[in-house]
Each structure stands twice: as C-alpha cells, then as structure tokens.
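What follows is a pair of complexes built around chain A, which joins chain B in one and chain C in the other.
Then we have the complex of A and B:
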C-alpha cells in the first residue's frame, strides 16, 4: 500500500475536477436553495417566504406517502437483491470458459438504457401480449399490472431485481475471487463445514465489497425514476409513485418551484445522511 | 451430493435474465398486427420492417448518433479530468482532501430528478441547451466522482516505490506520469472509461431535459414513439434491441476487469 506525503500542490491536480463538478453541482444546488425560500408568480418576480415550503412539505401527507413507498421499495430491493446476489456469486464457477460467459451475460442488463428496461418489462409483462403477463394468467393468476396495485409492485420489484442483482453478484464475486486457496485448504484441515467456511472466511472477505454493493443499491434504488415511470407511470393511482417521480410531477408538471425545491433539498439530505454513515463505515474498514 | 447441482443456481438466474431480452427480440421481428392479434413464442410472420424503419428514418438513426456522441465526449472529459485528481488523492495528503473526496461522492448521490430543472435553466443561460456538450458536461456531474473513485482505487494498488524509483532514475514528473504510470494502470483507465460510458449511456432524465431536437438521444426518441403513436410495440422493441448492442460490445472488452471495476478498484 502506498504511503501518502503531505503536499499542498496536489490541489493543482484536483482543480479541473473541482471546477467541472462545481459548475454542475454548486450553481444548480444554489438555484434550488434559492427557489426553496421564495414564492413566484412568474415574470421572474420573487418574494421571500422563509421556511414556509419546508414546513409545508414536511407536513404534507403526499410527501409522507411517497417517502413511505420509497422506503418500503428500497428495503425490499436490498432484502431481495443482496442475499440473491451472494447466492449466485457463491455458486458461480471460479475457473474455466464458463466464467466469461456468466460475467458477460450477467452484466448485460446493467448496460441497457433505463427507459428501455422500462419498455422491455412493459412489453414482457403486458397481460395480453407479454410472456410474463400471459404466462401468469394462463397459470390461473389474475394479473394485470396496469390495474392492480399489488401486481404493479410485484412487477416493479421483479424488474429491479432483474436489472440490478447482477451488480451485487459481480461485487460479491470479485470479493470471493480475492480469497487465496490456502484459506480453503486450512479450513479443510480444520474440518470446517460449508456454513463455517461461508461465515468465517467468505463473508468477512466480502465485507468491503458488500458495503459498496449496499451503498450503490441504496443510492440508486432511492433515486429510481425512469424505469417505474416508463413501466407504470407511477400508477395505478399513486401506488408506485416514488420520491423522484413525485418530485418531477411537482416541479415540471405543476411548476410549483418553491415546494419542489424544498422537497428536493429534503430528499437530497436524506440520501446524503445515509450515504455518509455507509461511507464512514467503509473508510473505517480501509484504515484497519 | 448437493454440490453437483450448484451450477443450477447461476443457470436459472441467467435464464431469468435472458427471458425479457428474448421477448424483446421476439417482438422486434413481429408485425404490429401479429403482436396485437395473436400470442406466440416466436414470430409467425418474420419481418425486418421495424429495423428497416429505424435505419432509414433520420429521426431514429440520428438518435443513436446523438447518444453515442455525448457518451464518448463525456467519457473523454470525465477520465481526463479524473486522472490527475485520482493521482493526487492516492499519493498526497493535502488540506481538505478527505472533505473534498466526500463532496465529490455526494454528487454521485444526488438524485437527477433534483437537478433536472436547474440544469435546464443553467444550460439555457450559458446557451448550450440542445448541444451534445451540454449532456456530456451534465453527466460529468456523476461520472467524474465515479471515475475519481475507481481510478484512486487502482492507483492506490500501485506501490509508491514505482514513483520514487522513476525520480531516482532522473524522470521528470510528466515523463513518469505519461510513460510509466499511465501504462501501469491502463486496466484501471479502461474500467473507469467503461463505467463512464455505461452510466452516460443508460441515463435518460437529464439527457432528455437538456435536449430538444439537435442532440436528442435515442432513448428520448423511443419515449416519444411510445406516447404519441399509440403503441408501435414492434418498432419500440427493435429500437430497444439496438440500444443493447453497444453495451454488449463494451462489456466483452472489459469482462475480466468488470468485477474489480464495480468494486471501485478495491477488492
């Protein structure tokens, strides 16, 4: 591992990145902050409103409902994708020609534009023409994701599992590949069973990459917009309207700039807080 | 023995992954009448009309070019800017380095929905609206932090002694950086470029917000088709199939590094 030396000139190396990101991050963020404390009736005339929008958003049932749906969705996603990803990674071949085949096929969903993922699942799940929809109906399930909230949730979750579990698989697999054979031989000599090997060798070795996996899956599922928007449009009713979808409805649909901006900031702060906790945990590991 | 059947788990998983893709492919070779009229597991009247329409209609194929242009621009900008920064983070301690690193990461965490409207206003104000460079710069918001993160991971795996030996041998910094250091971490550069390509290629919300005609991405052309002309499912499916191809192509090149890349160079 490299040891670091103190050198303030390193800032010169960082300047291009700081300028590019600041242009994109600071100016829009300040715009949002600006809107969040003002009221406008068009024509670029603004009135100071203080924290009114924040209070309004924090007390609105609509925001609570969207946040609740978002939390339930993200929890289910993490609970399904992380164990499934670990299971697939554990059973994947470690050597031989099948490794490349598995990696390429599994990575494929990750490279498909998000709206195409939505369209693809729409086509796949349509009750009359889709393989999944028709299949479920033939099997005797009454399934129609455009009308039944439960079916819409099921389809959205299945779509996300299809889309992102491979990310967890690839990360867990990378962690498993970094375990030297000697570890397994030592375990064999000690007479360790399958579970003991998993619990005391594989899981600790995967800890780092799994933290990254949970962090990435949390962030991305919490920000999910395009796929459910294309698949269900947030419906039926509002049943699959997650935070981002609701936010875009308020900001671009109704053009309520103040409340939308306040909602954006609250939303961003929640993501930031959770990610900071994960990041701190991860960096603590790195020091050890 | 249970162990003999473990291959079933990845096999079933891969079949699950392939089913919707197969269905998309199946639909893309069908006529609209057949899609709406009958249900069949493979095309009964095999047709290439959907693909023909895409390759002959300029609003369609220009969408692909627009997407590819801004994705490539973004990849070049992000990786070029991230290289020196990642080097600084992996080799030096400087005032505010940890805070700066976390600040960069927060931008990867920002929901694009939050930035859609301000981005529209910002890029209109600097008169870059509906240009490829606007989308490329906007995507740099989340791709630069990612590229810095990945490259820093790969660079930290290179021992510091390499730098010191080069200086002892009389290399200047720039000669060392370009002649020795960059070739050493070429795998990391490839992986970072791959991820920038990937996240710029799949993102739609910002790309759609920042363009109208001249730089309209293929994904936006697709959503327009889906909403305006009722339901041309076959056409939509064919366009979808074509968006999968560039991804499949780049995955093939980085297949041996992809896992390490997702671990941000930190396995």
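Then we have the complex of A and C:
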C-alpha cells in the first residue's frame, strides 16, 4: 500500500471560513461570555464573578415572566400561522394567470422592514384615529392597545400573523406544487375524500417544507424585537415585554452588562436547544 | 365486460387533445395503447377511467353508459409511470387502502392483502414504508394496490418505463399472468413497439390524439392500416421512400429498380410510398431475390450481436438492423440488400394498399 503524503497546505483553504466565523460568531460570542462571568464598572476594570449572573438570571422572577410571555407568544404564533398558512396555500390556484398575482400579494408583507410594520400597525390600531382601532370602537368594542393588555397582545399577534403567515404560505405552496398530479388521480381512483387526500398525500409530502417553516417561525418569533418594540414598547406595563425587549432594557436601559450577557447566553441556548429538539423529532422518520 | 368509446373527443381550451375516437376494447388479454410521448395515451386513459370528462361522445362500460360518471363511482384501478404510493403508510396499509375505503372486514382484508403481496413477492416488505423500497418494489406496491380490489377496468400507464431493464423484463412476463383469470378489461400504455409485441393481445396505435388503428397486435404489426400506424409501430423507425410502379418493376430512382415480387403483382401502376422495416434490410445478401442498394454510412450502432446501421440513400436516411457485427466506417459507401417480399405499399393518401 502506498503511503499517503502528508501535507499541511490544505489548511490554507479553511482559513477564509475560520476567519469569517471567528469575526462574526466566535469573537462576539466570547465577548458576551467574557461579560457574563465578570462585573465591570467601566474603564476596562473587571472583577471575576463566576456563575453569579447566571444564577441571578435563572432565579429572577422578571426573567421567568418574560420567558413565559415569550413561550406563550411563540406558541400562539405557531398555532395560528402554520395551519392558516397551509389553509391559504391549499386554496391558492395551481395554474393560470392568478398564480403570479397570488404569489406577489403573498410576498408583499415579507418585503416590508420590521420597524415599518411596527409603525404601520401602530397607526392602524390607534383607538382614536387608526382604521382598525377606530373601527373596532365604532363597532362597539372597547379597544385600546396602549392601555389594555389583552388588546395589546391581540394587536401584536395580528401584526405578526399579517407579516409572517405569507412565509408559511409560500413554503407550503411550494410543497404542494411539487406533488405530481398522478397522486391526486390515484387518490381519486381509490375513492379518497378531501380530508384523506390532505392527510395521506398533501401533509406527508409537505413535511419537509413545513419542518423548515416551523423552525423559521419558531426562531423568528422567539427572537422578535423590532415590531412589538415599535408597536407597544413592551407595554402596557410589562405585558408585552418579550425576552429580547427585556434583554435590551437590562443591557442598555440599566446598563447591567453582566446579567444581560448571562441572559443573552441563556436565551441563545434555549433557541438552540428547542430548534435541535424540533428538528430531531420531525426528521426522525426520514433518517431510518 | 368491455369498454367502448363512441366518438369521444377532448378539447382543453382551444386545443384538441383527442380527436373523435371510437374503439371497442377486447375483453380478454391486454389492450395496448401504443404511441410516442404526447400521442394522447394518458389522456385517453383518463377518459376511459372517468378522471376526465369527454368534451363530446360517450363512454360505455359493460353495456352501460358511464359518460360523466366520476371515477370514484366506478370500479377502476390505475398504475402510473411514476411510483405512486401513500408516503407515510406502510406497504401493507398502502395495499389495503382501496379495501379500507369500501370498508372490508378486517380478517378478510388481511388475507387478501397477504395473498396479493405473495403474488407480487412483496411479503417481506409489508412493514416498510415506500421510501425505504427500491424503485421496482415501489412499483410492485402500486401494482398490488391496483390488483387488490377486483376492478372491472385496470389501466396501466407505462408502468414499467421507470424501472431498470431486468425488472422490466421480469414484470413484463408476470403481468399478463396476473390478469389471466380475472374478468377485467386491461389497458396498457407504452411507447415501445417491442413491449407491445411481447405482451400480445390487442393494440391501438396512437398518433397526435387519434387512434390510427386498432386490432390484434400481430395483425397491426404485419398490416398497418396507414403510414402513421406503421411509423408508430416500428423501432427503429420504418424506412420510407417514394417509388413508382411501372409495369412489372418498382422504380426507386434512376439507378435502383427491381422486379416486383409476385405478392404485389395486382398493384396498379402509379406512385406509392414504400415502407420497409429496418430488419428487412441487411448488409448481407440472403437470397437471389434481394435488391441491391448502395448507401453512405452515417452511424453504426453495435449492440452485442446486432448492428443498427444508418445510411444515406441520396435524398434521405435509412436504417438497417441485422444480426452480426458490421463495424462499417463512417462515410464509406456500402451495399445493402432489401427483401423485396417484405415491402409495405401506401398510396398517396398514406393508406396501406399492399403488404
């Protein structure tokens, strides 16, 4: 057997990636890690604190409350947007001139920047002047999202559904379009009903894209910041203060860099863990 | 039990997909729809099944007019070219699905599925899911689904096209046996003339949305009604040339003419289109009756024991297919021999006049 030549030059090819990852991930992350285990009063003077900030964050009721709100928000978002997205995708035409019209209409909300969406909905929902706010009040609903927690939640969720359901629709639609006609014919021949076609053909065939849709919507809604910040500013009170808004309050409002860094890391690990669990569960069948 | 199409047409928008078609399928053996891609085989099957409603005309089955009766209300099964199975059901559940829909009793269903699985050699795979199977096994599952219910009409739409060669041969042999003792009408679509000959039964040759001819496969091959049918039913393509009959001679061009074979002596004088199948032209002389023709070699395809030679006879290219290896050089002028008793003569309107 010929001996392999050993050659270290191959490492050169890896350097660009190493540098890129180092600068946009590892170094910032390590800075955060650095802050999370120390106390600083400025002037680059640091005191070692160990896991104190982590313990403090994990035990703080404020963090629990924000995490709780975040989980409730994300669950509602997934429960609304995924079925709604699938339903809309199912009603979209598969052929003809309306296809492009529908696709463009669907893509529109996705093109609008987050802060614009927040401002738009803020104006739209104002109880005295906004179309939605005024309209609801005229119809007899006592609606004021700047004062009522329930109304604030309702508006925030409605805004996110408006902004992001399209993403689920487009992904689900792509999944549906990839199903050959022969599948529907076969189902028709078997005498399968509408529900059976959905359950046994469309849903399994959409599984991959839906996995992606759920992951994306989970990550995005779990890390949501700009839209609720612009719309409600986390209020009324703390009722729409989600994790990211709380984090910014701690880091920039109170300038508690240590606890904020610890919170960031915990936040990051939660997102990573949940995504991993999701992905593993949903891909279980595929790998066999 | 048989299926009859009466002047069935199908227009989609301004396009005509099926021109008026009338055919009465044979009760026994396979009914083969032979035609190139886009000839309308699948569309015709969809019309037969009731998946698509004809624009005009009637579909009769077993003495009843079933035009417009949707497929769910008829006892039809179909196998497609792609392997169509329910992705998240096991093979057992897939095969059982048509029986579940009609609500068959558990023990009876179990027995039936197992019997069909045995027949298709799928017993060890019953617990698996379609994406864990090979292409051949997936198609067997689809075939099993079609066989498990006692359908009156079974439509097989190029079921073997996506399988590898060996599996195709194997299944091609098994398929007619599976349907032998069932009282159902079987329709089988294919693009390959060879497949049609191997399966036997009856053949309908399809060309651009029309059935050009229907009858016993063998007869259609021997006596294609017109040039189109002959073209559909020949692979490699049938050789054609304009010839004229003058007295007792067939004249191809200034250099080539021959004494007409006595089989065709009743042919009137005049212009004809000559059709001659590739395996009736050979680079080797077999009898004294052979007509000699010269051609410039264009392509030579050697496949094991056969040579397919494309050559230029002046104004067009012809193909010769013969036993033996003839590694001719490109561009060389070589001699070929036509079997003059195997000619097809078509008149100016492309109808067969002598074969």
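The rule is simple: the second predicted complex is superposed on the first by the 259 of 288 C-alpha atoms of A that agree within 3 Å, B and C clash if a C-alpha of one lies under 4 Å from a C-alpha of the other, contacts with A are read in each partner's own complex, and residues count from 1 in each chain.
Following the convention adopted for this analysis, a contact is a pair of C-beta atoms (placed from the backbone, for glycine too) under 8 Å apart; a residue touches a chain by one contact, two chains touch by 3 or more.
Since we're looking at a predicted model, the values are computed, not measured.
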Review point. With the two structures laid over each other on chain A, which partner does A:139 touch: chain B (first), chain C (second), both, or neither?
Key: neither
Check your understanding: Which partner does A:180 contact after superposing on A: first (chain B), second (chain C), both, neither?
Key -> second
Practice item. Between chain B and chain C, pick out the one touching the greater number of residues of chain A. Key: B
Check your understanding: Touch check for A:273: first (chain B), second (chain C), both, or neither?
Key -> neither
Exercise for review: Give every residue of chain B touching chain A within the complex, in rising order.
Suggested key: 6-10, 13-14, 16-21, 23-24, 27, 35-36, 39, 41, 77, 81-82, 84-85, 87-95, 97, 100, 102, 104-119, 121-122, 137-138, 140-141, 144-145, 148, 155-156, 158-160, 198, 201-205, 218-219, 222-223, 226, 233, 236-237, 239-240, 243-244, 246-248, 250-252, 255-256, 258-260, 262-264, 266-267
Exercise for review: Can you check the complex and tell me which residues of chain A touch chain C?
Suggested key: 180, 182-183, 185-186, 188-192, 200-201, 204-205, 285, 288
Check your understanding: Given the complex with chain B, which residues does chain A contribute to the contact?
Key -> 1-11, 13-14, 16-18, 20-21, 23-25, 27-29, 31-32, 84, 87-88, 91-93, 100, 102-116, 119-121, 123-124, 128-132, 134, 162, 165-167, 169-171, 173-175, 177-178, 208-209, 212, 219, 222-223, 225-226, 230, 243-245, 247-248, 251-252, 257, 260, 264, 267-268, 271-272, 275-276, 279, 286
**Study point:** Interface residues, chain C side, partner chain A - complex
**Key:** 46, 49, 51, 70-72, 76-78, 80-82, 84, 86-89, 97-98, 101-102, 129, 132, 142, 145
